[in-house]
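Labels run A, B and C following the written order; every chain starts at residue 1.
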Amino acid sequence: MKKAGIGLLILAVIAVFGFMGTPVRAEAEMTFGISIPAATHGWTGGVNYWAERTVERLRFKYPDYNFILATAEGPEEQINDIEDLYAIHNIDALIILPFESDPLTNPVRYLKEQGVFITVVDRGLAEEGIEDIYVAGDNPGLGRVSAEYMIDRLDGTGDIVVLRGIPTLIDDQRFDAFMELVDETDINVLDWEYAHWNRDDGYEVMQDYLTRFDHIDAVWAQDDDIALGVIEAIREVGREDEMFVVGGAGMVEIIERVMAGDELTPVTVSYPPDMIAAGIEITVLHFDSPSPILGEFIIASELITPENAEDFYFPDSPF
Amino acid sequence: MADKLLETKNIAKEFGPVRVLDEINFDLYPGEVHAVIGENGAGKSTLMKIISGYHQPTEGQLFLDGQEIELGDIIEGEKNGIVMIYQELNLAEDLTVEENIFLGQEKKKSLLLDENKMKDETINILRELNSKISPGDRIKNLSISNQQMVEIAKAVRKEARIIIMDEPTSSLTRDEVKVLFDLIERLKQEQVGIIFISHKLDEVKEVADRVTVLRDGKQVKTEQSNNLSEAEMANLMVGRELKDMYPDKADGIKDNIVLEVKNFTVPGYVESASFQLKEREILGFAGLVGAGRTELLEAVVGLREKASGEVYQKGELIKIENYLDAVNHNIAYLSEDRKGKTLLTDKKTIFNLTLLALKKFTSPFIDHEKELKAYKEAEAKFEIQAPRTDMLVSKLSGGNQQKLGVAKLMEIEPEIIIFDEPTRGIDVGTKQQMYTFIKELTVERGKSCIVISSELQEIIGLCHRVVVMCDGKITGVVEEEDMNEETIMHYATGLRGVV
Amino acid sequence: MKIAKAFGLEDLKLDYSTFKAIGPLVALVFLFILATIINPAFLSAGNLRNVLARTAFIGIIAVGSTFVIVAGGIDLSVGSMAAFISGVMIIAMNSISGYLGFGIQTVLVGMAVSVGVGFLAGSFNGLFVTKGKIEPFIVTLGTMGIFRSLVTYLADGGTLSLDFGIRATYRPVYYQLILGIPVPVIVFALIAIISTIVLKKTSFGRYCLAIGSNYEVAKYSAINVSRIRTMTFIIQGLCVAIATILYVPRLGAASSSTGLMWELEAIAAVIIGGTALKGGYGRIWGTIVGAIILTLIGNILNLTDLVSPYLNGTVQGLIIIGAVMFQRGGNK
């Protein structure tokens, strides 16, 4: 009896929270579905933060519009999410940041065929022309900007190590673009490893590189989370003066270091998680403004230096 | 007489340097029941495993229908119609009767199982065996005897010509034994040869046509069972004169009550049971399987949940909520399930010995020297035959396991000891040791004992009084002078007493 | 010889079964030799310190897992629990620093919070398993998700960072060397010794083995099975808390990716060490060796470019399977 009681209580709690998450509003003029990856690491955490913040603001601004936010742990779950968004909530527009391009292409196309307005953010779908609006992050750009800075700073020669993210298309695009430029110079990539966009892995891989290589001029960490682990490993053995680290994405802690003129992290490269905010806002604007907004918007990856860091600084962001 | 179905010629088997079987010439005719008896470790199991194909002989030959054969494994044995039914039944507990009967040899219709055909065949076999089990019953819901029936049905389905039964009656009630013997009679008429292994000499006498006695791996005698008395069989087994199995009953029971159980109800098993145990008494608990004896006494010692009931020790109400409470009141219980509840078979003997009384050996760390000393003492006292002190329990014979189980119990120096089926599946010699030990506990050491047993002879031979249960209720208490099988059976079947 | 005795190797005789019994050690020595051949820098004091300090987290957690597994349970929640405890600890220290400042007292409060949360989390798992009568696999699968999502919630999906003032005070707990040995390694060694004694020399350890070997026999041996099993989960919780206390000063942050897959690494360490997954048999020294082997694999792969990083997982998998197969002497 007692056990059944606890069980009911848990169910009740789930039910309450469940309903809180999906406010049912009568006579909503439009329903927007937003599908994004769950906050499994720093950058997606930022995506979640910006998505929630934007939805909150827009709900206030457009009381007639209905916004439903769904987060998924993987591509399969994301497919389920968008099917539910259409079948249950009958959305008019979908704003999606796809986990992976290939598996989500067909499900999104299906929604499009049912007349749903489609906005794709960050990663493109495997086929062109499905989306109405494309707000793209610039992954090759991130690799290129990082490489340009490094080549410039090292005068085209020196020894570097590279820490990559998780083996995915995004990671490949960044890495390939980086290597394309670096290969043309005398810069020698000593080795690379995956660090899974994760601080602990960044720390451990860097520790081992420091054991293995007596001299390193620079580290391309590709991501600010990894960079923070790398910095800790370098500090541990006191080799801060020997090298510098370039991360990526624009995490608060790193921006602060750049602003402070830290020698170890002179710059970082932006890949802002707030591009989801842009995607949502532009979509709403499309329906709200007299002249429909369509097409492709590229959020360029920019080099963040002490001079322009202020523009990328959002101290409240969890990322 | 027909030609021999099976014959072994000078079979010998060695495990490493140890010769466990030597020059065995065993044979079996169609339609014959040939019993194999012997103490534990005499080599019965090894011989049966050779005949069924599980082991291969080191020397000697095996003949089937006069043709020499070599069996590589059990599967080959079964292909030749030799099926062994193990003492520990080999059934998949969660599957149904029908699924078990066809396990590994399912009938198929193209790719799918042909369930109808299997069901029909199962029904036919069960009808043939005169059994009321239905094909859809789950094994775990069946009684042990019905599970055995399923094993036999399996053998029948495989069209076995030789069925080896290892201790088939050890967990059966008398009625069930009778059913089994009827079945054996029918199998005999079908010209099936049966090898029957048992410790129960009366049953051997009743069912077997011939008897082979093994001792220390050697064939002592093969004889028509008509020509041997039970006493002769027993003497051949142990190789010496066995005096009366049971020690003389001791006097000296005191009238004071050491344990009184009042109004015990165990939901689903026992209804309002009350009984008393006197100082230095051996109190028997008789009844058919399922009468609720084990459940009652397990509830008394806190191993089972009770709905109501009180326990008084020497007149004082004591609170027993779990087994530890009982142990703290010096009450110990030896389960009927040696390998499932008493001993950790994958642990060493010494680990098992001290487990119940571990606190005694801990201060604050376990004192291994003390444990070793306790083991040496127990080994001598209970004549546990284990070549090494760090042997795994699974490597011990059943009798030695049981002795270890009792020794484990005695480590807490209990005042009241409850033995549940203390001699099930152990050989005659160990049985006698067990009886002597129980008597010694009461006479020399002033303890009081309860013995649950399904063997009426044992109850009558050993106990001062016997509580008889039927269908969850105590139907009667039989005093020593009135004790005979008939009276007890009347109470046990509910013909007499309060029902 | 004394060390051998402390780890329960005293009654080893040198035959084939001994060889198998010390299998994990042999595998470890093999990896050491392999690593030295691949890159002599492996044997540098700095690298060995790195490897052992890294092992400390998984190692301490795996010591706790040894108790749980020996008693027939399993705990899948340890990685998430570590992340959760880290998060709560950082929040606690950040907020208390307003009153207590950045001194040692704030860090001590943080440590107390960590131990407290670890105790509660372990009790939660243990009580649902024993009183709720739910399989440990399911209970801890549930708490695995709960703890992980709680830390995500606490961090707003991002990263919780320890205030830099406290970080300076707390830093030595990970980075300080005592007699050339990192603090986490010393703590790890102490926990290993204490746990070995508890498992081998106390009635509690004996009861864990008995319960894992056969639950019913334990019950019929007057052992309070529920209490002992609950205690194994609490020990696990406390081990996670101690590991977290050592982990937080390393990078001063916790996020939803903290402690990812640690549960599997901990279980793998226990099994590589020779403890039976079904319970009833286990040894602490094996677990420690298992944990070191796991860290070593990663370390060796980082020290060489012989293997493409794309194949890291393959190498890891083969070594794990090989180590266990070796210890069991093939498929017998």
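Keep this in mind: contacts are C-beta pairs under 8 Å (C-beta built on N, C-alpha and C of every residue); 3 or more make two chains touch, one makes a residue touch a chain.
Please read these numbers as outputs of a predicted model, since none were measured by experiment.
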item	value
Touching subunit A and also subunit C, the following chains	none
Chain whose Cα centroid lies nearest the overall Cα centroid	C
Intercentroid distance (Cα basis), subunit C paired with subunit A, Å	32
Separation of mean Cα positions, subunit C and subunit B [Å, integer]	45
For subunit A paired with subunit B, centre-to-centre distance based on mean C-alpha positions, whole Å	69
Interface residues, subunit C side, partner subunit A - complex	39, 41-42, 44, 46-47, 50, 54, 132, 152, 155-159, 161, 175, 250-251, 253, 255-258, 260, 298-299, 301-303, 305, 309-310, 312
Sites on subunit A touched by subunit C in the complex	3, 6, 38-42, 44-46, 48-49, 164, 167, 191-194, 196-200, 203-205, 207-209, 211-212, 225, 228-229, 232, 236-237, 251, 253, 317-319
Touch list for subunit C against partner subunit B, complex	197, 201-203, 206-207, 209-210, 213-214, 216-217, 219-224, 280-281
Interfacial residue positions of subunit B with respect to subunit C in the complex	303, 322-324, 326-327, 333, 335, 337, 340-347, 351, 355-356, 358-359, 362, 364-366, 408
